[in-house]
Structures are given as structure tokens and as C-alpha cells.
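Have a look at this one.
The letters A, B and C name the chains in turn, as written, and every chain counts its residues from 1.
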Amino acid sequence: MSNTAPPDDSNAAPLLPILNQPSSRRTALKVAGAALGLAAFGKAVSPLMVIPENVSVDEFLQQHYKELSDDDKSKVFARLEAETKEHYGADVTISDPQAIPGVKFGYAISLSKCNGNGACMEACNKENNHHRGVDQSYIRVLEMSKGSLDMEHGSTTYDHTVPQDDKFYMPVQCQQCDNPPCVTVCPVEATWKEDDGIVVVDYNWCIGCRYCEAACPYHARRFNWEQPEIPAEDVNPVQAYLSNRIRPQGTMEKCHYCLHRTREGRAPACLEACPTGARVFGDMNDPESDINYVLKNKRVFVLKEELGTQPSFFYFFD
Amino acid sequence: MSTTTPETLTHSGTSDAVRSYPKFLWWGLSEATNGGVGFYLWMLVLTAISLVGANAWAHQVATGMIVTNMTDHVSWGLYIANFTFFVGLAAGGVMMVIPAYLYDDEEMHKVVIIGEAVAIAAIVMCTLSVVVDLGRPDRFWHLLPGIGRLNWPVSMLTWDVIVLNGYLLINLHIVGYLLYMQFLGRRPNPKWYVPFVFLSIAWAISIHTVTAFLYCGLGGRPFWNTALLAPRFLASAFVSGPSFIILVMRILRLTTGFTPPTGPARTLIQIIRIAMTVNLIMLASEVFTMFYTGGAHAASARYLFFGLHGHHGLVPWMWTSLACNILGTILFFMPAALERGSVRISACVLCIVGIWIEKGMGLIVPGFIPSTLHEIVEYTPSLTEWKVSAGIWAFGFLILTLLLKLTITVFNRSDVSHGKNHANLSI
Amino acid sequence: MSVGLVAITGLYLAANIGSPPDPESSRLSPVTSAVPLAKSTADGVGGSELPASRSTSEDANPYPTTIRKPIGPPQVLTGITDPHGNAVTVSCSTCHATRKPNTENKTMADMNEFHGSLKIAHGNISCLSCHNANDYDSLKLADGSRIEFTEVMSLCAQCHGPQMRDYEHNVHGGMNGYWDLTKGSRQKNNCIDCHNPHSPQFPKMQPTFKPRDRFLQAHPHE
């Protein structure tokens, strides 16, 4: 062993009795080194000091949505509204609409009608207070070649007059699966399926591991890689806790069928924006609903059916 | 070497011994930080790199993960690639434990604690790799059962959290207990460590199987969705782990004069030969299945090996990995591997590099390319990611150095007091 | 917000209907009256207290579904203004009263006196398949009976039954408002809001909003 023996001062009084080490130059150097190391570490991780500024103690200790009492919830929403005002300069109201009993949402898109114009993406972006820098949206529209449903031949980056004669267009968003792989894999139950079929995310519970993003077969999930930036005048002030409130950095989000609208009976933003009327939404438990008309009368299919995810999002041709 | 021990530590009463464990650890820390100039230089460099990594991570937490090159298309990258490799490294230590305890390999008994020390360091690196990958590390407590909401047994990630922490605790206990007994000059009581050792054998298999299940259970990722992933992980772990341990033993010989017996390295090489062959056979099986059937499921494999639609960022990585693995295997099979250190070391390095790529960049990243909507977005790690990863590697080596230093100190001390002139880490 | 979207949709569509500025194109107006939709399917269950369906406009649902309608037959600009400065217009029958109807007229080439700038691309039908030779200020159904311009949807539906059936179930033509008619009303488009009757194919569009993802490059082969 190439260890060298320390200088033999072991008879002298201990330099620091509390550490119970022999006093010696080596010990003194070690202590100095340790102090220096700790200081250097503190300096190195000093950017973390921004966390106590941005994350209040209340937010840090906040429990899972399902464990919040109504009282807790109003406190949380009030805090979030105040934080939104402070950070974004916008007055917003955050509500918590519950699932309408007995309703199960279904959504269908007519591939005969969709012409890939992308108005749905823009409406989603505006409705859901997405980060403005990247024109994000929960919807991606694929330009597919007629004659094949293979997305290998699809493209999202088309930028020409639509529709092209040899193409058809397929918007893909969260399918609100009945057997959602994203819910299965979440380690902290930050995402779950509600009674009306919508798979929701508690943005204040998510730890940002992105396992759900890896698990989703439909590219439905988005991660907040940075703090969303939205000018105050662009903020949609009608918000809900589980849907379109401004999400924190480092958390997952996804399409939520505009539950702040649909649970109040309104159509989702993408449906209203669609200029070709390709989108159909409704209650699958209502035999008279539009979605049931589609399911009964049209040739309907779902994406990646073989994966067993059981989407409640359907595609059909006239 | 310091011979100073507070008097209380030599007392042999059990109650005193238990209370003295913290004192033993404190003594151990002070011993483990003694060394020559070379040692201090090594530790200084590792500390510096760790601090750079810590700073880069702090910056990432403050600014957001936009400072990495991960995207909604490729949402796991270098951190999880490293994580996968480190789990393999940790599991590989079991390849020393099995011969030592199940087959009563006398010589392996002498060095098995090195494997366990490597396992501890590797698990620490695993945990750090996952923590730096979290978008909200401040919400780590959400994972704690009882005060958070742990989605066990449904989510494989919860299994991973539990088995990795369990493995760390098991190994910490075994190493700590054995060193402490050695330090006290007492015979270790088998009932305090042998059950844990056998548990660690099964557990080591489980940590890597669970990690593989994380990936292979996802139907939306056809590149990973293969039954062969868990066996492949185990096979490659039993190459990378032992290779790493052989390298560590060589470094110990060079830096501390500790001369391990030659038997363990031979055993490890035999194990590596078999494990690597199995790994290559499994790789061939995967390649055949994907390319012979073809179709959309082979898109990721095509991207990885040959490039897809004009994108070929990972092609050089994959072929390098293949070359390293094959060359390493050939070297390991040569008789010179058993006789000549240079051949052995080269083979170890080649296999470690080859497997790091194969399990890391060559497994995690292509799982996301093409995306689930068949878009192609490529990925190379950003500077922040390299810094943080370097910091984790450096910190892991720091832990390993301290553990090994402590081990050697404890055994040297007892051997000197017992009149032996070379370290005998026999347990 | 939805009113804004209705306005935007209406303007957008008006701007995109394919024909060149045409003095004869009909003037669209906001809703004139609530038009309850016919009961949708034969086996519709009629509930008394609770709405049987939130999606259909039954009496039980308090909120109406309204459909946009044109205000009437098109008027032709004469180019003259009256003393108040308003444009003077004449109705179709003013000129057509002096002409003999020609059932053979189908294409732009056939109309060498007027209407020549009209783009006609509606299959192989003649003008008088829809226009009423007996009263040019109205339209006619297949059996010859007269209908007003405001009821043009019934005329479209005669030939385009499947589309009308889809329309009645909100599967064609889109909508603004509520899927749940117990909570709010719904506004729907008229056929001619999207389909120019003379050249009904839905016009091509230019995508104006695309996600700008990091590291996502446009496909080279496009």
C-alpha cells in the first residue's frame, strides 16, 4: 500500500477535539479541503436557488388532486390565479368542472372531409395557453398518401395548398384510450382516466419523468421543457385546474378534450375551428348522439388497434 | 498508515460494537481520505468534474430541460442511456458473488467485496442518472409510499425504484458489516450476511430484469417491445460488470500494490466469454427477426444500422459498438487473454465501450426514432447533458475510490496486525 | 369566444368561396329565425322530464339549434345609385320576364349575354334543374314545385341525401356552440356557406399554422 504515514504529532492535543482526529497538518488540510469543497458545491448548485423563488412552500407540499378537499382546492386555485397574475399579468379564473354523470365522451374525424388546413391546431394552441415560442398544439396533422394507412409514408411538415389530390389528411391527438398505457406507467399516479373517459394530468403532482411520453403510441403527450411564455393579452382566461391553466415547467400535459368547455356542454375548440366540419364529438352513452350516429353508420377505424389501447377517438370515411 | 483508533472500538461487547459502527464509519472516512499525491490529484480531478456536473444540473433545473437536446420526439436521452448501462454494471457484480458463495470459490472469496463495492457505486450512479432526468426533482417525495403516491405494482418504474434502492441497501449492509467485522478482528456471523448475499444474487438479476421490463412492456415502441430485451440486458450486464471489475482490480494493483490472486480474473473471463457469446447470439436473433420480417417494426433498426430517409446520425455509433463487441469477444476468447494483461485490458475496454453504446445510445435513442407517428427527429446530447453525465461518472468513481480505499485499509490493517504481508480480502 | 369563432369562420368561408366577386352571389346574413331540426332517427325516444338526448333538438331541450340562411334571391347591381346614394338593384325576374327559358343551358359558354363570368362546375346539370323557369326569383324542387331561395337546403338535400342525413347529425358542416343542448344552443352553417351552388367543391386552402418543433426538419422529398 503506497500510503504514507502522517507526521507523528499524535502526542499533541487534538486540533479539533470534536472530530476526534489526530491533530496534524494532514487533518488540517483535510478540514480546509472539506470546507472549500462544500463552498464550491454550494456555488456550483447555486442556480437551484431559483426554486424557492418560483415554487412556494404551499405548492411544494400540495397533495394529489384526488386527496384535496373542496376547501383545499379553492385555496390552490386562488394561489394559482394569483401566481398567474403575478407572472403573466393576466386575470384568470380557474375552475374545476366535474365529469357529467353518465356521459362518456367520444370523438370522431371524417377523413373524407379533413383537408389538412390546421385550423384545429391553431385553435388548440390559443385555447390551451401553450408556450408561444414553438406553436405547440396537442394535435398533429399527418399528410398521408392515398392507398395506405401506413404513417411511414406520412408527413407533418407539408406546407402547400391543401388538399393535394393524391393525399388525405389525418389529425392525431390524444385518443383518451380506455386502456391507456400512459396511466399504467406513471409512477406517482399523476395521470388517470376520469369517469367521462378523459385522461387527465395533475400538473402539480407530475414529477416529469416522461415515462408516459415514452409509453404513448400516439405522440399525444407534451412536456414543458421550459417555463411557458405567453403575452398577457393572449392568455385564455377561462381555465380549469385539470385542463388549460398555464402549466408549470417540467411537467407533462396533453389533450383533455377541452374539459373546461365540454364538461359545460360546449364543443371542443378544435371542433369549432374546423372549417370543413370534419370533427364530430358527443356522448357515447347517448344513443341519439352524433358520435353514435357515426359509430353506427360509418366505416370507422381506430389507430394502432392491435396495441389494445381501446381509443375513444375514431376515424371514418363518408 | 494510521494506527490510531479510539479505545472504545476495541471493546468486543456487542452493544458497544453496535454503537461504535458510526464511529467506525467516521474513522473509515478519515482513513479513506489518506493517500499520496497521486491519490489526492485523482480525487481533486473527480471532485472538480463532479462540481461541473452539479452546476450544469442546477442550471438545468433552473432553466428547464430545454438546455438538453431532448424533445417531445426523443424524450429520453443520455441520462437514461447511462442509467441503463449503470444498472448493468451493478448487476454484474453478482458474477463474483455466485462463484464465491454458490460454488465456494476460495480465491473469489478474497476479492468479491470489490464487486460489491462496484455495485454500490453503480447504484448511486443509477439513482443520480434518474434524478437528473426528472423534470421536477423537487417533487421527488411524490414517489415515497405513504406520503406520496407510489403506483406500485402497476408501474414498472415503481418496481425499479424499489429494487434499486433495495439492492443498494443490501450491498451497503453486506459491505459495511463485513468490513466492520474485519476491522474489529471478529469473525463475521454468517446469519448477518449470508442470507443477504443470497438475496443479492436474486436481487441483482431482478434489478436488470425490471429495468428491461420498463422498456419492453411498451407496445407503442416496437423497437423495445421484444421478449428478448431482459435476457439481452442480463447477458450484456454479465460482460460489462465483470470487465469493469477486472479493470478495477488492475488499477488497484497499479496504485496500491494489492495483488489479487489470478483465479478470480480467470473465472470472470470465462463468464465474460459465455455471456458475450450469448449476447451476440441474441443480437443476431434480434437483427434477423427485424430485417427478415421487415415492415414498419423494423424502421428503428433500419435507422440504427443503415439510416432512414436521409437520417443516419446513429449509424457510426452502432457499427462502432458492433466492432468493439466482436473484437472484444475475440480477444477474450484468445488464450492470451488469460496470460497477458494488455490483451485482457484491451478486451475489457472494448467490451465496456461496445456495451455502453449498445445499451445506451444504441437502444434508448432508436426506440424513439422514428417517433410513434413515424416522424424522424434525431438526437445528440447537448453540452449540459455531457457535463451532467461526466459529473455523475466522476462522482461514482469518487464513491468507488473511497469504498475501495476503506476496504483495503481495513484489510491491510488487520493483516498487518496478524503478520501478513499482502492484503487478503477474504471473507 | 364562440361568437368570435362563428364570425371568423363565416368571414373565412366567405373569403374563400371560390368564385370571383360576383354581383349575383347571394348575400348571407345572420340567423333570421330558429329552425328546429326534424327529429333525427325513426327510433328516437321521446322523453318527457329528462331529455332523451342532449344532442338533438327535441322539445325537451331548452336551447335551439339555429341554422344560417340567406336573406333571399340574389339582386343584380345596375350600376346606378338612387338619390340617397344606395345602389339600385333589380331582381332576376326583371330580365328573365322578357326571355324564353332554355332548358339546354348548362355551361358558361351557353350564356353569351349575361352570367358569363359565373364559374359553373356542378356536374352535368342544367341551370333550370334548380332555377325555376316560372319564377326566376325562386328555385324549384325536382317535382317542379317552387321553393324560396331561403330554403335552398331542401333543394340540395334532394340529390345529396347522404350529406343531408349526415348534416342532421352534425357529421357534415361542422357547428359552433354546444354539443349538450340542455346547456346551450348550437349554430350551424347553411349548405351554401361552404359550397358555392354553381361550383360546390370545397375550396382549397393554405395551412397557416404549423408546429415548429425543435430539430424536426421538413422531409426532403416533398
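Note that in this section contacts are C-beta pairs under 8 Å (C-beta built on N, C-alpha and C of every residue); 3 or more make two chains touch, one makes a residue touch a chain.
Because the structure is a prediction, the values reported are computed rather than measured.
Of all chains in the assembly, those touching chain A and also chain B are C. Distance between Cα centroids is largest for the pairing of chain A with C.
Counting contacting C-beta pairs between every two chains, the top pair is A-B. Rounded to whole angstrom units, the spacing between the C-alpha centres of chain A and chain B is 32. One finds 40 Å separating the Cα centroids of chain A and chain C.
Mean C-alpha positions place chain B and chain C at a centre distance of 69 Å. Of all residues in chain B, those that touch two or more other chains are 71-73, 375. The residues of chain A that reach two or more other chains are 140, 156, listed in rising order. In chain C, the residues touching two or more other chains are 213-214, 216, 219.
Those residues of chain B lying in contact with chain C across their complex are 69, 71-73, 309-310, 375, 377-379. Partner chain A is touched in their complex by these residues of chain C: 1-2, 5, 9, 12-13, 16, 40-41, 44-45, 52-56, 162, 166, 169-184, 189, 194, 202, 204-214, 216-219, 222. On chain B, the positions that touch chain A within their shared complex are 1-2, 4, 6, 23, 26, 30, 33-36, 47, 51-52, 54-55, 57-59, 61-66, 68, 70-73, 75-76, 130, 133-140, 142-143, 148-151, 154-158, 161, 214, 218-221, 255-258, 296, 299, 367-368, 370-375, 408-409, 412, 423.
The touching residues of chain A, when paired with chain C in their complex, are 100, 110, 113, 115-119, 121-123, 125, 134-137, 140, 155-163, 236, 238, 262, 264-267, 271-283, 286-290, 293-294, 298, 318. Partner chain B is touched in their complex by these residues of chain C: 213-216, 219-220.
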